[in-house]
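Have a look at these structures, which come just after this line.
Two complexes, one shared chain (chain A), two partners (chain B, chain C).
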Partner chain A sequence: MHELLLFASVPSHQHHELLQQLAGLTAMQPRHRLERRLIFKAYRKPGLVNARGGTSREMQGADLVRLNKMLNGGMYYTQVVGPISGADFGSKPSSSGDLDATMSGTDETAGSSYDYDSQPWKLEFRDIPEAGTRSTITARLTASATLPKGDIVTPMSAWGYSFVTEYVVEGDAFIHNDIVIFLHRVLQYPVHGHEPHEPHEPHEPRRQMPSFRDLSPLERTGSYILQAAITVQDGSNQELMRTASQHLFGLREQLKTAVRLEHADRLSLDTRAK
Partner chain B sequence: MTDHFSLPLRPVIEKRDSSDSLPGDIAQINAQWGSFRELNEVSLREKIEAEKDKDPWAEEDEGDKEAAELDSSERMDLLYKRRAEIIQFALQAHMETSFALDFVSLLLSKHNPRQAETSMSPFLKTAAPLGSLNSEIVNPPPRSDASLKDVKSVSRGWRLQNFNNAASKLLNAGSRLETEVVAETKYWDEVLAVKEKGWKICRLPREGQALGVQYGFLEATPIFRDRGLAALRRADDGRLVLDKGLIPRKAQGVRVRVKHKGHIAGCSKVYRPSQDAESIESRILQARDTLFEEELFHELIREARILGSQGVTTRQNLVQVPVCDEQEILLDLVDWDQDHAPEETASSERNVLADAIAHSIRILLTYAHRQNLHRRTQLPPPLAPKRRPVPEYQILRPIMAYLQHKSHIQWLESLLSDLRRVLESAGITCDFHATHFSSIGTLQPSNLIPKVEALARVFLAPFESTFSGTLATPQSSFRVRIRTNPAVPPFGTFYEIFVHLPQFPDVQPPSHIGLQDEVAAVITHFAMLDIASTISLHNPPNAQGVPGKTGRLSWEVAYPHHGELLAVDSTGQSKKMKVNLSREELTIHTYFSSRSETFTRPIVSRSSTLRIQTWRPDLKEPGPSLVEFVAQASQP
Partner chain C sequence: MSTLSPDQIKSLEQSRQRLIQLTHSLGSLITSLNQSDPLPSWPSLQSQASIISSNLLTLSTHLSENHDLLRSISAYPSPEFPTRTHGNTLEQLLRTKLDPRVEDWVGRGRKSDNNNTDMGLWGTLTSNSAAGLSSTGQGLSGEGNVARLSEGDLAALWEWAPVEANSEARRRNWGGDFTLEERERGVQSVAAGLGLRRVLEDDEDESEEEEEEEEEDEMEVVGVRKSVTGSGFEFDIAAASGGARQEGVAPVVPLDDILRYMTTGIPPR
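Here is the complex of A and B:
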């Protein structure tokens, strides 16, 4: 699959207004989305990876071949995405709102409703955007696959991926014909200030979600990213790719007075592991 | 004579040395002689002769004679002098014209520097800056008083006239603005009134200056969705005019008629436009309703086309849906203001049915709209060359399924109650219990979808009704499940029959039965089996319970599926009993039969002890009950 993208930066004071404008444009209410995103990095030499190991993926054979090729062909960072709900956050009745307590609350007595073991996951692979061909639009190869629920590090490390870090994406999605408009921002987990020697402590994903208020936006100003994406089944079909980019350009025209949708810097979306 | 001296200013034509060029010669000949036809040797010779005769210098001799008078040196001098004079004149003329040109150019350069610059001499350009020379009238000659007076009065007249014009224009503009303001106020008041009623007012997409009101349905098929927008135009007096474009003015709607046994028996209610039909609100409403009805009919036709296999037929403006043998539903799009009174009949029951169907199709279309919204807001699949086809809405299918299901339930209910009455007349107690549309009760609305949608969704799922009942034999029971599937194959109604007969544990009917006749046959057959086993069960307690009558026969079920029982008395003579059950009656024959004679014959004449008993629900005098009859038949 191919993905065509346009991005825009939305300052936080414009966020509410833009939500309303998008709701009017797409004639639908925003669909709030919260996602945990774990970043994995391929670490083994190509060839050692066996992607066929006991997965419960429901995939076509061609997809499997393609994924295999992706997994073995080069070293990439991949994302594992798990949808969560707002109730999953901070359901722990910790009396002290202290961050230290949040961390110590990882034991099972906290009574959290968030169940890490039944967390569904999806693997999302994104290639580095294509160079040059469409300079006004970001196009990249994508693939995604459903992963087993629960503990994801074990299967991922079996496929040669090591856990790097994780963050939360919060935003609202709109559907405009074939275009998915996602107005979102990246939230970081609270940094535990008491242990400066442990900047990002865990080498595995959290089993517990901190309170939503404790998450801090990656962008300090609180601005949002507007991402307009359209996926194309077959990226080699020029006709379809053209249609898709025309749809995106049409959206850009429609949103011209509100935001400026632009393609992203190619190297900033580089997913290759050096 | 010198005055007439002429100088050859024209260049001397050089004699071409390439004399032998043929094209040149041909051209010369053509010019000189006209045509080659006139050029022949004779004429040439004649000409040469003539030239010879003539003195070649005769003409020039005279000029030469005069010129010869001058001395050759003087002549040269004169020539040079004249030439010098000519050159001087020419130079002077040139200089004066260029001065004039420079002067005019410099003068013009004040007002038109770019153009004037091109005609200026380079010297002047460097010497004088552009536009440094101007001209104006100095000390004009004084005009006469009369002319001054004339000018004054003319200008005053002009001014007055212009003032008058300006004033009247301003006044006109003022009054026009006033009427405009009144009209605009009226227009905007009406627009606001429309907006306050809750209609969506927006700018027309193609015509940015005009306002529009949106009354269409966002989730409708695109052609109908795009028609749901009308411009709100202002008439000259400020009235609001609803400009619907090409939409027909007439209010239309889908009419449902029920045809029973070949004639129209019921018709849905006709919508009458409200009294204030001229108000803008009612016109918007009417436009919306008409749009909705047109879309409804469009979708009905679209769905009816795929239902051809189920007997639905379409005409240009008519959809015919068969319900059962005698009933048919007609759907058509009609103008509301037409008079439909003649077709209305007194059958209120069918009118109610038609009304119910009319309401259902509208509810189902709005449900389909909701489903469209639901589909539209899902994550889209990747763009592929093949577009997703828009499935036909389920409008007719649920209604057909419901009516079909209902008619099947009624049929089964009447069959079972007929059977029960037959059995009751024979003193056999049995009972059945029907759960109509049990599927509707079981579907619980979930929290994920709104209640209204959950309610409508129930009618799109397969319908299911169950009938359960007990039979005469203890512990035996039966259960019939009727399923009607509107959307996915296999279409139509199917019966599933489960029978629990302790005497015949391995007897089960086929799992899917589609035909009513077969169902009737199966159910009566099982009832008959049950009666046969009841008879066989009744005997032993009778025989043992009454010790004085030990000689009683004991019936055994011999051929259950033929309803035959056998009893052998002490003398070795066998007695046979045959049970016949149908929807109308229960008949039991008993007769003697020899053991060797396995197949039964109605041997009426052979025995006087033959008994026939028939039970019918409509018989006036109640006969003996089955138990009594069996008891009698069991007498040896």
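Here is the complex of A and C:
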């Protein structure tokens, strides 16, 4: 599958107005969306290098090159996305209690309805956006797959992925013809010691959700990102891709007075693991 | 009576040449005025006028240089002159008084010379040419200064002209590329017809001001709306996450950094 994207930065004070404008444009109420997103990074397994060395003698040169490419070039960041609801967040009024619960470990506390073991997950792979061809639009290869529920680190690590970090995406989605409009922002989990700027990251996903109040936006001013996306099943069909691009450009024109939709910097969406 | 020296004959001959040049250029101006329809363009008229005026200048310099000679010599017919065939020329040469028409010109020229104001080209031209044509050298003294205003007059003119031109321009209330008639007919249609963007400056200023006012109005409305929604929204945020925030500020973290964080978990700097 291919994904065509346009992005815009929306200042927090414009968020409410834009929500209403989008609701009017798409003739639908916003669908509120909360997602846990876990970032995994591929790492090279020590055994694989040896295996390659052992098999190389029997392989042809071209095969060796291809294998090398797969092993060295095929290292990507990938995301594991789990939908959550507002009720999943710590329901206790006292945030400190939730913090303690979060930090206390894996034990589930009474009063929180979040069940990590039944959390559904979806693997979302995004390639680095295509270079050059469509400079005014971001196009990238995507793939997604449903993952087992619950503890996700074990299977991911078995596939050669290590957990990097996680965050929550909060936003509202609209559907406008074939365009998915997602007005969202990134929320970060509270960090131990109440020092949100300290880059302290746990080594596995939280089993306990903190109170929603304790999440802090990554962007301090609370700005949102407007993302307009069209997913094309067959990315090799140039006709379809062109049509999709034109639809996105049409939306850009419609929203021109409100926000400036642009393609994103390719390298900021670079999923390759170095 | 003595015969003329070769030098004197030469200076007479020079006078003749210069007069021929002057009459040529005058004649060509007259023919171009008479024959071309519409009238010749300003540049061509001006170049002709400048040719004539330089002719006049050289002629009058020459005449004043040879003033004594021209004063002293007089024409009389020699026996060999072909009187029968060139009687008219002889009569012209032997005249002691000016032709009545020329007398008028000279009179007018002298008058304007004495007044020394309103000395237009034609004033100098007539007086000079009349003086030249008379060929008796009457009153040629000081002719070289006729074409020029005195320094004081020039200064006065320069002092007077800018102020007067400015007040005139103000009184006309004109500007841009349009005449009064066009303006009365309607500048918009003319401007649209010509595809011109520049209309009368006053009108443009006014319309610009109006536009600016409109823009300002819009800005105010938007600003108020933004601040209203912004404050309401800020309240929502504060309730939701409890973070300290300013009102209506632009995002500090670039979009690219947010996307990078979303992609790879590298926190924005």
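Observations, loosely collected:
The rule we apply is simple: the second predicted complex is superposed on the first by the 220 of 274 C-alpha atoms of A that agree within 3 Å, B and C clash if a C-alpha of one lies under 4 Å from a C-alpha of the other, contacts with A are read in each partner's own complex, and residues count from 1 in each chain.
Criterion: a residue touches a chain if its C-beta (ideal position, glycine included) is under 8 Å from a C-beta of that chain, and two chains touch if they have at least 3 such contacts.
Predicted, not measured: the structure shown is a model, and the values here were computed from it.
Superposition note: with chain A as the common reference, chain B and chain C are in steric clash.
Applying the stated contact rule after C-alpha superposition, one finds that A:Ile137 touches neither chain B nor chain C.
When the shared chain is aligned, no partner comes close enough to touch A:Leu22: not chain B, not chain C. When the two complexes are overlaid on their common chain A, residue A:Ser223 makes contact with chain C while staying clear of chain B. Residue contacts after overlaying the shared chain place A:Leu183 against neither chain B nor chain C. Of the two partners chain B and chain C, more residues of chain A are touched by C. Once the two complexes are overlaid on the shared chain, A:Thr243 sits against chain B while remaining clear of chain C.
In the superposed model, A:Pro11 makes contact with chain C only, not with chain B. Contacts of A:Leu269 after superposition on the shared chain: chain C is touched, whereas chain B is not. In the superposed model, A:Val232 lies in contact with chain B only, and not with chain C. Clashing C-alpha atoms with chain C appear in just one stretch of chain B from the list 38-46, 92-100, 128-136 or 362-370: 92-100.
When the two complexes are superposed on chain A, none of the residues of chain A touches both chain B and chain C. In the complex of the two chains, the chain A residues touching chain C come out as 7-9, 11-17, 37, 39, 41, 77, 79, 126, 164-165, 167, 169, 186-187, 199, 212-223, 225, 264-265, 268-271. Across the complex, chain C meets chain A through its residues 225-227, 229-230, 232-234, 236-237, 240-243, 245-265, 267-268. For chain A in complex with chain B, the touching residues are 1, 27-28, 31, 173, 175, 177-180, 230-234, 237, 239-240, 243-244. For chain B in complex with chain A, the touching residues are 218, 373, 376-380, 382-385.
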